[in-house]
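First chain A sits with chain B, and in the next complex the same chain sits with chain C.
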Partner chain A sequence: MELTSSRTHLVAALLAALAFVVVLALVGDLVGTSVERTIIVFLVSLTAISAMGLYSGNSGILSFGHLSFMGVGAYVSALLTLPTHIKEATLPALPGWLASTGLGLWPATLVAVLVTMAVAVVVGLAIWRLEGSAATIATLALLIITHGILIGWRDVTRGAQTFFGVPRDTTIWVAAIGCFVALIISRLYRDSAWGLRLRAGRENATAAASVGISVPRERFIALVLSAGLMALSGALIAHFLGAFSPKKFYFTDTFFLLAMLIVGGMTTVSGPVLGAAVVTLITEILRRLEGGLDLGFMEVPQVFGTTQIGIGVLILLALMHRKDGLAGMKEWEEWLIPTRRAAVNPKPLSPAESAPVIAENVTRRFGGLLATNKVSLTVRPGEILGLIGPNGSGKTTLLNQISGVLPPSSGKISRGEQDLLKLPSHKFADAGIARTFQNIRLFPTLTVYQNIQVAALSSKGGRDAAARVAGALQWLGLEAVAETDAGTLSYGDQRRVEIARALVCQPSLIFLDEPAAGMNREETDALMDILRRINTDLGIGILLVDHDLALINALCHRIAVLNEGRMIAEGTPEEVRSDPAVIEAYLGTFTKQSTVPT
Partner chain B sequence: MGANDIDLILQQTVNAVALGGTYALLALGLAVVFSIMGLINFAHGELMTIAGYVLMYCGIAGVPFVLGVPLAVASAMLAAMAMERVAFRPVRNASGATLLVTSFAVAMILQVLFQNLISPRSQPVIVPDLLGHSITIGGLVIGVNKLFAIAATLVMLVALETFMTRQKHGIAMRAAAEDFAIARLMGIRANTVIAAAFALSGLLAGVAAVLWVSQRASVDPLMGFTPVLKAFIAAILGGLGSLRGAVAGGFVLGFIEVLLAAFLPSDWQEFREPIGLSLVVLMLVLRPNGLIPAATLQAQKA
Partner chain C sequence: MRRILTATTALCLAALAAQADELKLGLATAQTGGLAPYDAPVVEGIHIAVDEINATGGIGGSIMIELNEKDVRSDTAQTSISVQELVDAGSEAIVLPCDADPSIAAAAIVDAAQVPAISTCASSPTLPLIGGDYVFANFPGDNVQATVSASWAFEQGMKSAFILYSPDSQYTTMPLYFADVMKALGGEILGEATYNIGQPDFSAVATQIAALDPVPDMVMTSAYEPDFPTFIKALRAAGYEGQIIGSDGIDSPTTFGLGNVAEGVVFTTAGHATAGSPLEAFNALYEEKTGSASETVFNAVGYDLVKVLEAAVMAAGSTEPKAIRDAMANLEDVQGATSLITYRGTTGMPVRQVSLIRVKGGERELVGQPSPNADLIPAPRMQ
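Showing the complex of A and B:
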């Protein structure tokens, strides 16, 4: 899998993670006793929350169900390592092949990870189409279902009773290795093409689909990977505790782990590290208070659950004051080390397809409203077609239908032999159709470079991605702001990033929905120049929706006019300007004026 | 099919309607708040627990049940509004995940408080003897508490429907649910409508608590947590943010649970809950937006 960030950053992150776990393990090893135990629990928790962050942080979907995977990992690995004489005594009904198995910790963990990933495949397919809060609640159902199965399946799990006799093989060094593996995998995933695509989907799902990303597929990959790491943490905790019950993998622990993740911030890998550290420290302090305290002048009574209340308040404060968590949206090394990317020769972004997109009798209803009514339109590579009409005439709805964002109620849309209506929206980019949106849809917390890079990696099989990104940056003159977060740019610059992001998909047609909105005259003129050159130099067709008739008239070879959902005119700018129906639509009634005001 | 089978089916239907009705009320309370501010309120169950404890204290103090019920319901409403003011207002415009975790933390804090300030153990609640009786209609033996639950659910649903379609505040609330920004431009005050939504969800949680307690005659710190988990699932099943969907989801879940309890072979009874929830997830796979999706989802433009 291709990595998307600079090597310097990844090497720095890797070395820091290594140093961190080694120092912790050394401290624990030397001090021993309760400090060692605390550090082992810390390392295992960190393994778990970096796995939870891998899924929830990159996808933006909070999961309550990840402890199910931890539970499955714990039980599977423990069943494999449990000495046979203990199995005979505590689990007499175990099937023979399992009763006679006695594996070491590492092979058992590996099997547990694989089994859990298989479970996650099933779960992932089941929640494939669920979005946002619905997906979150589905993960909650997963937690309850798994808990129910662990309790009900007595022959294998001892039900609600304690599962004991598991060899205590998780030493501090074992925990350190597990934690290091989890940190590195989550860090590499975050900056892999998969991770970048998923983060783009988190920022804006519609825009992500428009540049070729299948967000459900990316979520699925993240779920399966993070389930594997959860199983690792489950195996570690099982072999640390030696005895546990299904309760260990239910709400209380979900609450503590989520607290760490949220306080630290889940969009980075630094976040879980910070969060785990802060929450562990506070828990240790509160736990000492829990037993009651003599302050000399007064007695603090023993309060059961002080830790839970303390952590609850910590979460509330964290969410009110730092909603992205202590670590924020960037990794520490991204703050400290400026990004340097190797210079690449830009690639000419000439299109591959030559067939026009043909829409026939496209109709879309919203309840009783006919937003587009039997509209037919042909968009050809090589020409600039303007689409105009009064507000609410159906321009954006038409654009959404021919770019795959919105399925028509009836009608046909095809390109050559290809029926575009059968294509899922994320396949339109590879059919040579790219677009921008009326209300800018960037990936605001990603840099300009990443915004364009993720599109390049997701279209045309990701081939020559770096060279295409360089080309798109150059075309729109964005080199100077490449490493700036897209969301912090001015309106005009954001529009240009969006066009660059569409251009990098190497389309034969670009649909632009009000690209000049919010730009001043100079910016508009510069944009017109760029669009004209994209058309003449590269041969890319442009479908332009705008209210700026000066822009439309100066740029377009052909203009189509919509009014109240119907196509009322189509032709050269001169023809359209003198069309009586057009004049009536724009001015209300027919007047002697023979041109549409420009 | 003999007369006994028909009796059994009728009997289970009554049980399912009674249980499903309680889920429906809870899911409705969640949906009212969700449709307006996008919050899935984990602490909804704690509102229920609070109402349960008020009923318990009323019984101890010798307040008659008939007076205890409105007190309990009112306390849940007040608690809901207090919760909004203290915990949810500071994060009002945050993402759904942030709101969800906030409410999760509130729920955990309240549970620990109940355990410390009241009792970690289940406490008996004095309910009128009448609720423990049952009456015979035809060959059917029906508990008075079941009838009470069904009647109360019906009254609540009809009252809510009237409120939402006829009353000024109800209409304002629906407008806010469709498009909060526009509703504010039309002069609907955000604080008022959100407070009203919480009060309404508290009312529904309070009534659900009374029904729950009158079947079990006890209350414990986790009393509300489990049924509200189910209600979440019912709300999602029905279509998140859709009021009619929440009611439908509640009844469907009630039927699934009661039918599984009645007809699943005894070997499988231990897996009743996982099987029931898996069925729900299966339905969601087929209809990802729920049985009756919220209007705002349909109208969403790209």
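Showing the complex of A and C:
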């Protein structure tokens, strides 16, 4: 799996994670006693929330269901390590092969992780297409269903009763190893091509699909991976406690772990670490205070419940003042160490396809409104085609249909032998069609480089991604802002990033929806120059929707005019300018002598 | 070197002397979360007993009880941390939560540290078995309650029973113990059925019972709210008119408010405040200390727990944890607020009197407070 961030960052992150768990484990090992136990619970909690962050942070879907996977991991591993004489006494109905199995902690954990990932595959197949709150509610259902199964499957789980006798093998070093594994996997995943794609999908699903990302597929991968790590944390807690029941993996612990995740921030791996540390520290302090204490001048009475109130206040404060959590959207090393990327020779971004995209009788209804009415249009590589029309004439709807964002109600769209209507939207990039959006759709918290990189990795099989990114940056003149967050750029720069992101997919056709909107005259002129060179030097066809008729006239070889959902004219700029229907559409019937302003 | 040795020895002696003056009692109980409704009233009772003993100069007039309290938030992991803290802090006896999960998780720690631990109110007789030598229970065991109710029923001439139980929890399987005792006595079990905790409808099993031929003399269940009210209504509606026997889970105002359907129901519970009884005295003491009447028998159960510890320390003549444990395992007939309490000859589950209560006109009527016949008490079931 290709890693997308700089080696320096990853090495720094891994060394820091290693140092962190080793120091904690050393402290726990040396001090021993209850400090050691507190640190073990901390490490196991951190294992769990970094797994929850892997899914929820990168996908943007808050999951209430991850403790199901922790529970499955706990029960599966414990069933494998439970001494046979205890199985005989407490689980007489266990199948023979399971009753006689006695594995060590690590092999049992590995099996538990694999079994849980298999469970997650099944769960993922059911919920992978769900988005937003629907997905969150589905995870809630998962939690309740799993809890029901754990209670109901008495022959294997002892039902609601305590599952006990599990060897207490989770020493502080075992917990440290587990936690380190979880931190590394979460960190590497975040900056793998998978993780970057999922983060792009979180920022803007439509734009992600337009550059070749199947967001549901990425969510599925994250779910299965994070389920594996949850199972690891489940196995660790099972072998720490030695006794547990299904209620250990239900709402109470879900909220406790989510509190850590929300306080720390879920979009990074630093977030869970920070969240677990802060919540644990505050819990430990409040826990000591709530038993009552003598300040010398006054006695503070014993008030149990202070801890929970403290955690509640902490969540409120975090949500009010730092809604992305204490760690924010970036890893600590991304704040501290400037990004340096190895210089790569830019790759020429010449297109591969030569067939035109042909739309025939494309119709789209929104209720009673015909947004496009039997529109036919041919877009050819090599030419610049302008699409104009008054507001509400159906330009964007037409563009959305031929770029796969919106399926037509009827009609046909094809390219060569390929029926584009059968293509899911994320496959359009690889069919040579890339686009930008009327209201800019960038991945605002990713850097300019990452915005373009994720598109490169998701199109054309990710081949020569670095060289293509370098090429796209160069074409649009974005090298200087490459490591800036895209969302912080000026409007004009954001438009250029969007074009670069489309260009890096190596398309033969680029659809631009009002690329000059919000630009001043200098910026527009510069953009015109770039577009003209993309067309002449690379041979890429451009479909341009804009209100700036000067731009359209100066740039386009051909112009198509839409009015009230119908194609009313098509031809060279001169032909269109003198077309009476166009004049009427733009200026009304009483000025038949005028021409369309240029 | 010699001076260091002397100094160390002196310090150790001083520490021992200090230790003898107090009993360090650690409480790792749930003051918040799902177990708090049980643990919190028990701890209230503990406080009343400790204050009472300390007001008279401590156990035996010399050993003050010093409490070290931790809230485990009804969480198993937190219980294991808190119990370890109490052990680290030198607790000589420890109180564990009402539930088996945290108590069993903590058992390994107290066993390794050789510190005796008592669960506030867990009633599963398997707890001390799983927990090992250092774990004790403080509540009438499920098997003891079942022995008392089955023996009473048999004496009344009721010899055929139907049992309804739920394998969802250890507690709701109490009717299986009841069946064991009934069979041992020579009675007959005409049928059994299971239910799920929270099951919304009991009409099928009610019809099944009412249609049995011969009709069983009694129906026994340890179902509690919301299952018990639903079940008994369905059972009476189906036309069953025999005796219904329940357990301490239904010792709540709901049962007495059910009206006609609950009339005549007999159930076992930890105690009953008859005139002049220790429980009446405790209730009076509770009202004096807190200003309100005791609403649950769990207050008195907490008082019992401290009385047991007091007796164990007296018998041991020391606050050395292992000595307390050994003394505790041999206690006989300690007078608590609810009952006489005996550990001798048990695996850590106390033999206590159990009160039989009948619902009569919406009020409680004491049927009897028999001590169970130890030979009849079934062995704890692990499944």
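We take it that the second predicted complex is superposed on the first by the 576 of 598 C-alpha atoms of A that agree within 3 Å, B and C clash if a C-alpha of one lies under 4 Å from a C-alpha of the other, contacts with A are read in each partner's own complex, and residues count from 1 in each chain.
Operating definition for what follows: contacts are C-beta pairs under 8 Å (C-beta built on N, C-alpha and C of every residue); 3 or more make two chains touch, one makes a residue touch a chain.
As the structure is a computational prediction, the values presented were derived from the model and not from experiment.
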| item | value |
| --- | --- |
| Superposition on chain A - do chain B and chain C clash or fit | fit |
| Contacts of A:T339 with chain B and chain C, given as first, second, both or neither | neither |
| Which of chain B and chain C A:F164 touches, first, second, both or neither | second |
| Partner chain(s) touched by A:I151 [first = chain B, second = chain C, both, neither] | both |
| Partner chain in contact with A:G305 - chain B first, chain C second, else both or neither | both |
| First (chain B), second (chain C), both or neither touched by A:E290 | second |
| Which superposed partner A:L316 touches (first chain B, second chain C, both, neither) | first |
| Contacts of A:T484 with chain B and chain C, given as first, second, both or neither | neither |
| Partner chain in contact with A:V41 - chain B first, chain C second, else both or neither | second |
| In the superposition, chain B vs chain C on chain A residues touched | B |
| Touching partner for A:N373 - first (chain B), second (chain C), both, neither | neither |
| Degrees between the directions from chain A toward chain B and toward chain C, using C-alpha centres, nearest 10 | 50 |
| Closest Cα approach, chain C to chain B, once both complexes are overlaid on chain A (Å) | 5 |
| Residues of chain A that lie at the interface with chain B and also at the interface with chain C | 151, 154, 304-305, 308 |
| Interfacial residue positions of chain C with respect to chain A in the complex | 31-34, 68-71, 73-78, 80-82, 84-85, 87-88, 100-101, 104-105, 107-108, 130, 167-170, 197, 382-383 |
| Complex interface listing, chain B residues touching chain A | 34, 38, 40, 87, 90-91, 94-98, 100-102, 104-106, 108-109, 111-113, 115-116, 120, 229, 232-233, 235-236, 240, 270-274, 277-278, 280-282, 284-285, 288-290, 299, 301-302 |
| In the complex with chain C, residue positions of chain A that touch it | 33-34, 37-38, 41, 89-92, 151, 154, 158-162, 164-165, 168, 237, 240-245, 247-248, 252-253, 287, 290-291, 302, 304-305, 307-308 |
| Chain B-touching residues of chain A, taken from the complex the two chains share | 56, 60-62, 126-134, 136-138, 140-141, 144-146, 148-149, 151-152, 154, 206, 255, 258-259, 262, 303-305, 308-309, 311-313, 315-316, 319-320, 323, 366-367, 396-397, 400, 405-406, 437 |
